[in-house]
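Following: one structure in structure tokens, then a few remarks.
Note that the chains are named A, B, C, D, E and F in the order they appear, and that numbering of residues resets to 1 at the start of each chain.
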């Protein structure tokens, strides 16, 4: 295979989008609903296959980041997809989780009207998420975020006759459009000063005086193509990061921009809630990680001390930490007083994303490789754990809702006793989210705690524990209400468990348990081996190398 | 000829003021339709800003749109072209951004109509009062 | 030689256009109500846009320094002129009709409304 | 004026001032510069270069070249965003159909006559914009949105039902749109498929041959510059955008009574 | 000489766009606001034209002068004409 | 004086008159007591701008800029149609 032409990277989002493009044509010929379910399933499996293949290629065959150059153009001229350890892990996560969600949709949306449009949007959602994770270009990131946004809006508004759903969509889409416009402005500022929108190029330009000693080849290569920076890059970088963080914290539902999430996530169809909470909000965290580490990470312009001994980087780190801490505390506090089961899970998402952002803040403070790699690993591991746990929790709540028709936990009293597999899944997933030892959630929280302690943020480490403690009350309330009371007489004999969701629940329980077991026997070390260096010098060097190696192979 | 700094600053400041006006419309006006209008103004302003960043003022002659017009003597004409044409990349980005903005506007418009069907009003304050 | 003729005729047309334009603009600003401003708008569109566009087409035909693209310019100007000549009166008509029908603009200095009279009479 | 409004206004004013201050300190360099950025110079000089066939994009127009060749992926997904918005709107309106029992009303006869005339003129203009997309300003999206004026005018002047009675129904437009989109997708991966058949290395969104991918769309046909995939992309995009707008405007112009039969 | 007039034109247009945008946001009558936003869009189109972006003008005029007001008018017709108090 | 210089000088002298007219139109469009007034002013303004843009494209020596005039003329007509349909009919799509 020629370098830079690993088609398995470039084809996935394109293939899924094409699959979505074909559906209206098919809808004119085929009216059978079963066909569309199977169609989505087939493409979910194809996407999973490709993401597994990419994971295998990056981490086992090559052992370094790999890239795909669209149109055969070298990097800052054309668009490039770069898959490093972090991208491959998150891509795999998207592939696996979306396959589960499609299978769950087949059961949950079986009789729904307009199923072909539902699957069109779901395929676009998957395509956009894989695109976000794999892309190596800022403007392409913007386009993919918009694609993610528009398909998410469409899916949230799917129950068009529900007042709350439409109101949630309005909130979500109006502020979302504003946030993404701000991200566009941030790209304009970046292009205005650096003269490029490629991430690897930006990473080199932002480190210009430093990297030219360490890594002169990349410096020479990029300055030959896109020149040097113009004007005052420090100020432009500051404003660009501010705008970009606005958009990313909106996507990730971090504190000042969190208010759409508790409305939007519960009102969507349950499989979509699982996708939104499990994956879509993670994309904001991923983008933040990518921009704040790979592009503007260590030894960049933002490290220059601005005044009072603080550099811009410290300020950003504290902002991210404080926003994360406020979300973590507020999410878990509000969770306690809710009665709607899906709303409880939505607030729990806010709390967990707050923890993830605290981890991101910890990496920004990291000054040695051990700290940075531990923190990145903790963040990624927590993202993985929360993704599976929250998907499972939402799917379980969907099973209850489908059986009883209500979302209020006070009306669901005792229903859990009628559905043993579902209830087991509920308890285990909530314990996993809470962070109880045998499951993965415990280890990721432990890692986050360690990372915060290592980077010297003891206050925030305490906040992490506090948030977990508060959220325990909320989770316990769900379990106590659904499981402890006697069986409700009106549901006896009516409710039964279906084969598809039960199988799915068992698989997911196996996954969350095995994550926990694997992390004891060395899984964390393996994950750290893959993603740990993302924020450190050698990871960034590998990333840049993969982009410029294509040029060498042409010569 | 130098590009007068006063003109550049007037344009930049007017674009920033428009940005502020649009943000005010989004956050402070009660009507959803007005918010949608403000969003279109906001994205238009961002686009205008991008095009301004791509503008240039060549040393001799006037700037030229990024379209190659004369290819009779290739080497000379491409030299003239590179020396006079404005930056095409922001224009391409803006083209993409305009379409995306339009798509989002279309969708939000549909949702606002649906909102009116369900709630009977597009005023955010009134629906808040209703839900309490 | 032919170039000069084209350019001079074109410039004359553009001058007519400029005069119409200024007159129409002053009229738009000074006339008292919507219906009278419509007169000014007519001058502004036909005299101020169609005529100069034809003038521009002629000038462009005379400008041989523009290369072969000048025919494109002339053609596009002529097409634009024809389009404006077709569309502008219809636009004004439609607007006037709507204004009259919905009573959007006050008819203050107006003494006698023939159209309304006719429509009322026609209905009865 | 309420307290919250004052807060909003004050924060916005601070926002504007900080932005303007940063720009004045050179946050964007000198505006506007004398020379374009170096990347832009590369784009400009390699847009059309017959002497270096592996480093060119085969069109006179740099913006179209960037949009469909250098950064084709962006535009593909931008089309996908537009498609997603339309699909989401159709999903909101699922099950709504238009009865053709009532007669269309329309506007005055003068407007009808002129609109009938312009329905011939405008598509011609639009088609020329689309076909010359790689030579002069314009391209698929521009042409599509110019052609939309015809649809808007017809819907407004003659009424929606007239359009449907003429035979332009929703499934047909959906078909047209999907064909355009699939055409874009197939053009994007066309050379990859061709490369698989004849065993040559090729890239997605490749237009002209590259140093390690010796396969390309035709640049010239009979001394006419066709610009390889640019022309194909422009044509398909034209069809897709026009059909998409037609669909959206049709959905918008369905009357409330008809919609309320199905939706709440 | 010609540059001076072009720049004066640019300044006039940008100031007019600010006034139009302001009136569009402040106005209580939605139809009026839409018309003002159409003025603002036309002014932006002129800015794009003077900044040598014919591609953008070709796409921006249909979208912002043509389609967006149409959509907003559809929305206004189907909902409420006056916003606020 | 060559023909080229002569044309450019002529356009230069025409320029301020156009700017003056535009200013008056814009004042009317922003002031316009009723909606039809505003729309009418936009109409006249845009058609005149179309002619003006054609003149400008001669000065800039880039004839391709002229395609914009057609588009501007078309869409302003559409704006008239929208507004009048809005005021005369119950539904815009009737």
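Keep this in mind: contacts are C-beta pairs under 8 Å (C-beta built on N, C-alpha and C of every residue); 3 or more make two chains touch, one makes a residue touch a chain.
All of these numbers come straight from a predicted model, not from anything done at the bench.
Asks: Please report the minimal path length, in steps, between subunit B and subunit E on the chain touch graph.
Replies: Counted as steps through touching chains, the separation is 1.
Asks: Taking mean CA positions as centres, which chain lies farthest from subunit C?
Replies: A
Asks: Among the chains, which is located farthest from subunit F on the basis of C-alpha centroids?
Replies: It is A.
Asks: Decide which interface, C-F or D-E, involves more C-beta pairs in contact, and give its chain pair.
Replies: Of D-E and C-F, more C-beta pairs in contact link C-F.
Asks: In whole angstrom, what separates the CA-based centres of subunit E and subunit F?
Replies: 13
Asks: Between subunit A and subunit F, tell me the centre distance in angstrom, where each centre is the average of that chain's C-alpha atoms.
Replies: Here the centre of subunit F sits 49 Å away from the centre of subunit A.
Asks: Express in whole angstrom the distance between the two chain centres, defined as the mean CA positions of subunit A and subunit D.
Replies: 30
Asks: Measuring centre to centre with CA averages, how many angstrom lie between subunit B and subunit D?
Replies: Result: the chain centres lie 16 Å from each other.
Asks: List, in ascending order, every residue of subunit B touching at least 2 other chains.
Replies: Expected reply: 17, 23-24, 36, 52-55, 62, 64-67, 69, 86, 89, 91, 93, 95-96, 99-100, 102-107, 109, 111-112, 114, 118.
Asks: Mind pulling the residue numbers of subunit F that touch at least two other chains?
Replies: Expected reply: 22, 35, 39, 59-65, 67, 70-71, 74-76, 78, 81-85, 88, 91-93.
Asks: Residue numbers in subunit C touching 2 or more other chains?
Replies: 69, 72, 79, 83, 87, 90, 94, 97 - these are the residues of subunit C that touch more than one other chain.
Asks: Let me know each pair of chains that touch one another.
Replies: Listed in label order, the chain pairs in contact are A-B, A-D, B-C, B-D, B-E, B-F, C-D, C-F, D-E, D-F, E-F.
Asks: Which residues of subunit F touch subunit B in the complex?
Replies: 59-65
Asks: Applying the document's contact rule, which stretches of subunit A touch subunit D when the two form their complex?
Replies: 2, 5, 7, 10-11, 13-14, 17-18, 20-22, 24-25, 27-28, 68-73, 76-79, 113-114, 117-118, 120-121, 124, 127-128, 131, 139-140, 143-144, 146-147, 150-151, 153-154, 157-158, 160-161, 189, 191-193, 195-196, 225-227, 230-232, 235-236, 238-239, 553-554
Asks: For the complex, which residues does subunit D have touching subunit B?
Replies: Against subunit B, the touching part of subunit D is residues 4-5, 8-9, 12-13, 15-16, 19-20, 23-24, 28, 31-37, 39-41, 43-45, 47-51, 60-63, 65-67, 71, 74-75, 78-79, 81-82, 84-86, 88-89, 92-93, 136-137, 141, 248, 251-252, 259-260, 263-264.
Asks: Note which residues of subunit B are touching subunit F in the complex, please.
Replies: Residues 62, 64-65, 67, 69.
Asks: Sort out for me which residues of subunit C touch subunit B in the complex.
Replies: 67, 69
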